[in-house]
Structure formats: structure tokens, C-alpha cells
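Should a chain be cited, it is by its letter among A, B and C, assigned in written order, with residues numbered from 1 in that chain.
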Amino acid sequence: MNGLSHGSAPARVLRIGTLYLVLLGLGALFATPVAWMLSSSLHTLPDVFAQPYRWLPAVLQWENYVRAVTILPVPLFLWNTIVITVPVMAATALSSALVAYGFARFRFPGRDLLFSLCLATMMLPGQVTMIPLYILFARLGWVDTYLPLIVPALFGSPFYIFLLRQFFLTIPKDSEEAALIDGASRLRIWWSIILPQARPALATVLIFTFIGTWNDFFGPLLYLNSPEKATLTLGLNLMKTQVLGSGVVEWNVLMAGSLLVLLPNVVLFFLAQQHFIKGISMGASK
Amino acid sequence: MTLMKLPEAPLTSFVRYLLPGFLASLFLLTGCGGSGGNDRTIVYNCAANTAEIAALKPAQEKFFARTGIHVKLNPFSGEEKLYAMIAAGQAPDVFYTNNAVRDRLAAEGRLLDLRPFAEQDPVWAKLRPEVKAAAVSADGGIYSLGNWTHTCGVYYDRAAFAAAGLKPPAADWTWADFRAAAQALTRDDNGDGKPERYGAFIPAHFIEALEQMNHAPIAHDGLFLAIPPEAREAYAAYLELIRAGVMPDIRRVQALGMQAAQMLQSGRVAMLFEAVPHTGLIETLTNDWAVAPLPRFGAKEPRYFRSASGGLSLSATVENPADAWRALVWLISEAEPYQPSPVLAAVPFVTAWEEKYPRLRGRGFREVWELSEQHPGGDPRYFVRFASWSMGPVMTRFQPWLDRLWSGDATIDQVVAAVPGINAEVRRDLERQLQSSALRPAWKAALEKALAEAQP
Amino acid sequence: MKAEHKQGWLFVSPWVIGFVLLTAGPMVYSLYLSFTASSLLSPPQWVGLENYRRMFGDPIFYRSLGNTAYYAVLGVPLGMVLSLGLALLLDAPVRGLGFFRTLFFLPSVTNTVALSILWLWLLNPEFGLINLALARFGLEGPLWLQDETWAKPALVLMSLWTVGGQMIICLAALQGVPPELKEAAAIDGAGPVRRFFAVTLPLISPALLFNLIMGLVGALQVFTQAFVMTGGVQPGSEGGPNQSTLFIVLYIYKKAFQEYDMGYASALAWALFLIITVCTWIAWRVSKSRVHYEGGSA
């Protein structure tokens, strides 16, 4: 798509104009969920389900946001979520990158079998390993702690190992070989030659891990018992569950809360995307 | 991404420091596990709802002051989590079960039999009859006590009735009256064949209430699917409403994603079958609504829906059963957030609910409730297909037939013709379950007996 | 042991340790369970191949298999093409793309509950945007999730909306394509289409292979949307109208957590495991000669 920078000026303007039009159209399509969340978070409860739906509420119900943050102990849940997310991000990125490098650059007996095994662990539906794993963590006494949510990240995640391996394989070997001749250790090479070149991929891993952990509902649901240890996503669910005799769910407040929980994802993504763009291009370094 | 620079290190130092580091961090992190509790702590799995948790907190403090029993809340919802906790032997002491789940857990010895406590505690005698009936399992044990009971009624739009020149439904109105009202209330002003307002809507899961009113026999804890002539008539009456265009297509209603209250609130339907009482409806409806008893089928005596299915169970792992029982009784009969208790016979239920929700007054709630007490038809969830052992096996195979029936892709005769095949497969499933060594002897005997009696 | 062997093992050791400590046990245990009758509430009872035999005679298993295959065959290629297309658009060297990248990524970070409510509304036959748009062209849209024929396409449509993740991976790969190569090809007289197929595509093929395989694994394990969107009130009504969205994992879930038939659920899961492994292996073999690794295939 580098064609944009070529050709005469009017043709270029036309092409860029078309590009923006297409992007705007698609962008509107992809922005609907958040636009709708925003819109419904400012409605009164009956209006959320009014049919046909009105995008702009007659009166903006900002108090839904006030209510969302007063119903839940937000600072506590926010802190809990951060305590889980930050170590998981660091551990996942580092350990996955180590393992992926091992799979991408070394020849050793059993490597292909191990790699297949690594991929295979993603292919068994979690529904049948969930209870044995829970029993394992329960025996270790880890239930109602953050350990079952954090510790597995130390061992890398097959998804990211596979992703990073694919990226490492596109990096030419020349500079590594030169460094080896200079006597650098493999760990040193991994750290100072491979990781910088894989910045777009690492940024991807970090963003995905953040989103996955921040929004994870099932893990915290399963392993946390005490209400005061809950994460933000678990907290949101506290607003959703109906009570005896089917009480009313305040969807507008729930949407306000969901939007607040979503915000860090969007901000972080917006900031981090610079890294897959401005990062040192892979394969380009000589 | 900001990563600190590692010191230049040979790979061996990776093994020497990082690897043990991983393991050490494992053990370090282990240290913060475990939560202590004294002997008199009872863990209660309440609904994961902020309102319920907030209401329970002061109540539980009062209960502690009175009894010395600390009720610790473990709010979550989700069958996977409860299942995992039970499998790991770490179940909450008190938790909600529906009858199917309860019986499966009880048959493998995971629930405490409450009979010894029920025999001694005066609360047992005070329970409503349907709550007592629902509490007793097939092996004679008691593995849960109900915490809710409801009937079913016809919510209707009073203004629409008046505008159509109709009198409000009488207590003894019949299906013919209901059908005529549905016709009169249906409005298709633009004549496009898609009414703006349908006369009535009966959600598919209330078809049992019709079968029951038409005296289809309820096989309490029966194992196999049966569609007796009375049920067929009810199906036919139901389908006729759709074909005549006075009731919206069920699939369309589901696709519209409207909650029951909205159907009535938005004026899309003028009459609606729903649970009585129903907090959601009471709290959201703002139009001029009232509720009427279910219509009778001809001259047949009414048999109103009375459901008390589901309740609180005690885990077999509970350390102090007496305290757990005390907490359970408190939860179903005394705990402030759950007042007025719907399960105690002596509680003036209607008056108490009218006090809690003043807008219930003068809307027919009392009449519907009292009629259902005078002519209780039992719980249609005990219709053969809802028996706890065969509910899953039957419904998995029967529901697609019902889907096709309601969408017009199958006839009642075809559905009836499919029953023997469904039952044969259900029988195979049940016989497989019988071979399980996990079943407690009393349960095995009960299931064997039921299977033998159901022999054609 | 050769130094390279040792170093290789050391690098992959975190995963190996994790596998041995956390993953292998539950996996092997579930394999064992597939040969037993077990609810996990009592000691399992060995039944040999009975669960697998039962599976081959289970019409609902075949139905769920067919549903899953339909979903994967329709959804995976569409998802790959759409994500690559979006990534190509966003790779253009013009201003303001960061904003659009964020927009396209939004559905992927949105809370599932919010997404499902929104989609229930978008797919609403009378008031939903989709059918309103169709009505503009004089078409009467279907009942979507409540229509046996349209329920699966509706779920595919929904999945296409969350291709943000795949798009990012394509984008990260596209950033690695050296502009010099494209320029060199342009000087040689190659048009944009040829440049894309001759230069760009081979260079990003490792990322595409990743997307293909993860797309396959994800599609064959499709669960959450079907569970949230087409789960009914009644027992037996999960899996949409006439079980048209009863996918294998949904069936496994039902067997495991609603009927406590963990032995049979495990057998179903291992059958699915085999199916996914075979599909992945085929995808891997077929693409092997087409995937280009700059650093050599190691």
C-alpha cells in the first residue's frame, strides 16, 4: 500500500481521500459498540430498551456514572486488578519471549515435539481441564489468593510463545551471528539484539496480555472467593446478577461501569500502538 | 515498553539465578494463601449482587449477636464454580441448588441429609405444603429447603381492556373468554398483517401451566416423557393463538429480545402469562396493569401453578452441621433481606408484599395468590420431563421438537410420534447412570424401582 | 550434550516446567476421565472405550460437529481476509491512522456482556440496524438468532467484528516489511497488486500462518457467544433454535456442568482435540512451502 506516496499530486489527494472515506465508514461500523455503550449509559433505565432505540437521550443521565462508582468500592477493585495485571504482563512477555527464542533459534533433540506439545495445549477445550486444575490449586491452598491468576504467567503462554516464535523467525540471523563471534552470550543476544527488533511483536503481546487479564472474568470468578479481593470485571458482574424473584438489572449503570473499566484498554492501546508502527522494522536491520 | 538492561551474563547464570528465582517466587507467593476462620463460621454462597450483599451485611451482624454464628458471604454465580468447589471438597456450607442439581449431588453423597434436623425443628411444620413436598427427594431424604415460591397469572393492560369495551377478567374466566379477549385486543390498524398490538403472549415455558389447567396428569418424579391427550389439547390451543395472529410468533418475541415487562409496558401485548409475584414486573411497569388468575379449561376445576422448586442446601463437608442448619433456617425464614418469607405458611404473604410494594394493591394480586392456595395444582416442573434424573436427557432431545412445533415445522402428531424414540434413548441414559458405582444405595434402589415401574 | 542443545532446553525450560507442573496433570487426568464414568464427585469408574462408542452413536454429537464445521469454514477465511484488509488500509503512510486503529480495535476490548446486548439489539428483526438497513433495499431481514438458517451466519458476522486482534498481528508483521524491497519492486515496474503478492505477502506469511492456526483453534472451540446469545431459559433450549448453534464445546459444557457427565464430556473434548490437531497439522503442512522465514526455518 505504499502506492499512496507515488504518482501525481491530484491522484495522490484522490487516493488519500478515498482511503479516509473507507476508513471513516468502517470506523463508524467498528465504533458502534462503544458508541452504544456511551449512549445507553446516559439513558434512564426504561429508555435503554425503548424500541425503536434513541441514540441521543432527552436528558443526559450523568448520575449513572456517579452511581456506578458509588455502588462498587472502585479504588479497592482497581487496585486488585492492577496487582494482578502488572505482574502477569511482565511475566508473560518475558517468559514467552525466552521460550519462543528457544524454539526459533536452537536445534535440539525433541524440539519439534515440544513445540507441537506447546501448541497442543491450546487445542483441548478448557472445560474439561478446569476442574482438575482447580483441584490442584485448591490442594496447594491457593484458592482465594491471586496466585492461580499470576503464577501460570511465569511459564509463558502457548499463544504468545507461538506468536513470538513466528516473529523471531522473520528476523535475519546475520547480526546474531556477528555477536556470537564477538563472544556475546545467547541470553545477551536475546536481550539486546532480538527483543529490540521484535518490538512490534512484544508490544502486541503486552497489549493483548493487558486486555486479556484486565477483562478476565472467568479466572477471578473461579479462584477468588472473598468479595474484598474482587477485580473490576467481577465487580461489574455484581451489578448484573439478578436476585431472588428476578430483580431489576440497571443496565444503564452497568454500561457506565463497563465503559469506565474499558477506558484504560483504549487509552493504553492508543498509546502503545506507536510501538508497532514506529518500532524498528523487523528484518530491515543489517 | 521499558525494560531494564540485564547485566552481561553467561547463560549459566540464567540457570543459577533466574530458574531458582521462578521457583522461589512460587513459594514466596504461596505464603499469602489460606484464610482462617473460627469453628462457628458458616460460608454462604449468596447471589453476586451488590444490593443483596449490602442488605445481608447488617442482617448477618444481628444474627451473629443473637447466635454467635458468623455467616461469611461468598457471593458468586455460575454452575462451573460451584461444581469445581464441590469436586475439590471446598464447597460453601450453604448454597442454592435447583432440584435437578440437588438430586445429582445428593445421590453422590455431597449434600447433608437434613431429615434429622427437620424432625426436631419446629420450622418444618411451619413450611408451606408445596415447599415441604419439593424438599423430599426420591430416596426419602431432605437435601434442600425452598427459599421461594410463586404462582402464575395473566398480567393485563386494564386501559386496553376498557378501550376495547371488555370487562376485566373474572376469577372464573375460561379459555374461551381469554381467547375472545385476545381476539378483541389484537390491533392491526395499518392492515399489514403484523399487528401493532397482539392480544396475548404466553412464553413457551408457561405451556405447562396450560397443560396443568387442562388436567394433564403430573407424574411426580416420573422419568419419561409423556404427552397425554390433555397436553395435546393445550399444545393445540397454544398453536391456534399463533396461527390466528392474536399471539406473536415465539421466535420473533425471542429475537426481539424484549423482557416480559417491556412487552406489556410498550403495548406490544395486552395480556401476558408471567410469574406472580415478579419483582421485575412490579418495579418496571408504569402503565395501568393488573393480574388475573389463569383461565380455566371449560368446566374443569382449576389447578393453579404452585412452584417451590429450588432452595438452600448444606454441603456434606460442613464442619458444624447444627450451626449450618441454624443459618439455613435463618436464611429461608428470618433473614431481613428475604422478608416477607415466601415459604412460611403462617406469614400473611399478600399483606406483607403489598406493604413492601404498595402498587400491588388493588391489582388482583391477592385474588390470584389466594386462589392458587385454594386450588393448588402442584409444580408443573414435576411434569415428567422435569423430573430431576431425566430432565437433561429428555429436554436435550425434546426441545428441538418443541422448537419445530412452535415454528410450524412439525405437527403435534409428529411430536407425539417422536416420544417413544426419545424415551428409548432416555432409558439408555438412565440405565447407564444406574451402573455408576458412585450412586448411593438408597438412590440406586429408588431409580431402579422407578425404571422398573415405567416398564411398558 | 552439545552446548546448543543445552542452551535450547534452557530457553524453553520455563514452558517445560509450567507444562509439567500445571498443564500436563489436568490434561492427562481428563484423558483418563474419558475412559471412565465420572462426575468428579466420586471416584471414577473405568468403562474402557464405552464413552467413545457412545459418541459415535450420538446424533447430537454429529449435529454439534456439523454446526462447528459450518462456523469454522465460514468464519476463519472471512476473518483472515478482513483482518489483513484492515491492516493493509492502516499501514498506509498517512496521518491520523492511530485514531482509526483504535476504532477498529474497540470491539475486541469491549466487555462480552455489553457486546452481546448490543448484538441482540443489532440483530433485532424489527428495530435492529441490520434489518433496518436491509429494509432500505426493500428486503425483509430474517429473525437471525431465532432462525435456524441464519443463527450461525449471525454469529459469524459477530465474530468478524472482533478481528481487531488478528488485525494488529498483521499490522505488526507489515511493519516488518522493509520499504526498500517494495521500492525495489516498484522500480522493476511491479504494480501495487504484484508488489503485494510478490513482496509483502511472503514476508508476512509467518504472521498469517499464526492467524490461520489460531483462527482455526478459536473457531473449532467457539463457545462464549453461542453460550451468551442463544442460551435459553429452559433446560435443553441452549444451542439456539432446533440446536442450530449447539457447537461442540457448548455440548461439552452442557454434558460436564449441567449433566455432571464428566467422563463423556472428556471423551468429547478429546475427540475435538484430535480434530483440531489434524486440522492444524494439515494447515501447517499445506502452508509449509508457502511460509517464508527470513531467518531460515531454523
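The criterion applied here is as follows: a residue touches a chain if its C-beta (ideal position, glycine included) is under 8 Å from a C-beta of that chain, and two chains touch if they have at least 3 such contacts.
Because the structure is predicted, anything quoted here is derived from the model rather than measured.
Separation of chain B from chain C in touch steps, taking the shortest path, is 1.
Inter-chain contacts peak for the pair A-C, counting C-beta pairs in contact. The most distant chain from chain C is B, comparing centres defined as mean Cα coordinates. Note: centroid distance chain B to chain C, computed from Cα atoms, is 34 Å.
Between the Cα centres of chain A and chain C there is a gap of 16 Å.
Distance between chain centres (mean CA atoms), chain A to chain B: 36 Å. Touching of two or more other chains is recorded for residues 11, 14, 22, 80, 83, 87, 256 of chain B.
Multi-chain contact residues, meaning those touching two or more other chains, occur in chain C at positions 7, 10, 13-14, 17, 40, 121, 124, 126-127, 257.
Shown for chain A are the residues that touch two or more other chains, namely 51, 130-131, 151, 154, 186, 203. Taken in their complex, chain C has these residues touching chain B: 7, 10, 13-14, 17, 37-43, 45, 60, 120-121, 123-127, 143-148, 232-237, 241-243, 254, 257-260. Residues 45-46, 49-51, 71-72, 130-131, 134-135, 138-147, 150-151, 154, 184-188, 191-192, 195, 199, 202-203, 206, 221-222, 225-227, 234, 237-239, 241-248, 275 of chain A are the ones that touch chain B when the two sit in their complex. Taken together, the chain A residues at the contact with chain C in this complex read 1-6, 16, 19-20, 22-23, 26-27, 30-34, 36-37, 51-53, 95, 98-99, 101-109, 111, 114, 117-125, 127-133, 136, 151-152, 154-156, 158-159, 161-163, 166-173, 186, 190, 200-201, 203-204, 207-208, 211, 215, 217, 233, 236, 240, 251, 254-255, 258, 261-262, 265-266, 269-270, 273-274, 276-277, 279, 281-284.
Residues of chain C that touch chain A in their complex: 2, 4-19, 21-23, 25-27, 29-30, 33, 40, 86, 88-94, 96-115, 117-118, 121-122, 124, 126-127, 129, 161, 164-165, 168-169, 171-173, 175-180, 182-183, 186, 192, 195-196, 203, 206-207, 209-210, 213-214, 217, 221, 223, 248-249, 252-253, 256-257, 262, 265-266, 269-270, 272-273, 276-277, 280, 293-298. For chain B in complex with chain A, the residues that touch the partner chain are 1, 3, 5-6, 8-11, 14, 22, 25-26, 29-30, 32-35, 47-53, 73-78, 80-81, 83-85, 87-90, 147-148, 150, 256, 258-259, 262, 265-266, 275, 277-280, 283-284, 286, 338.
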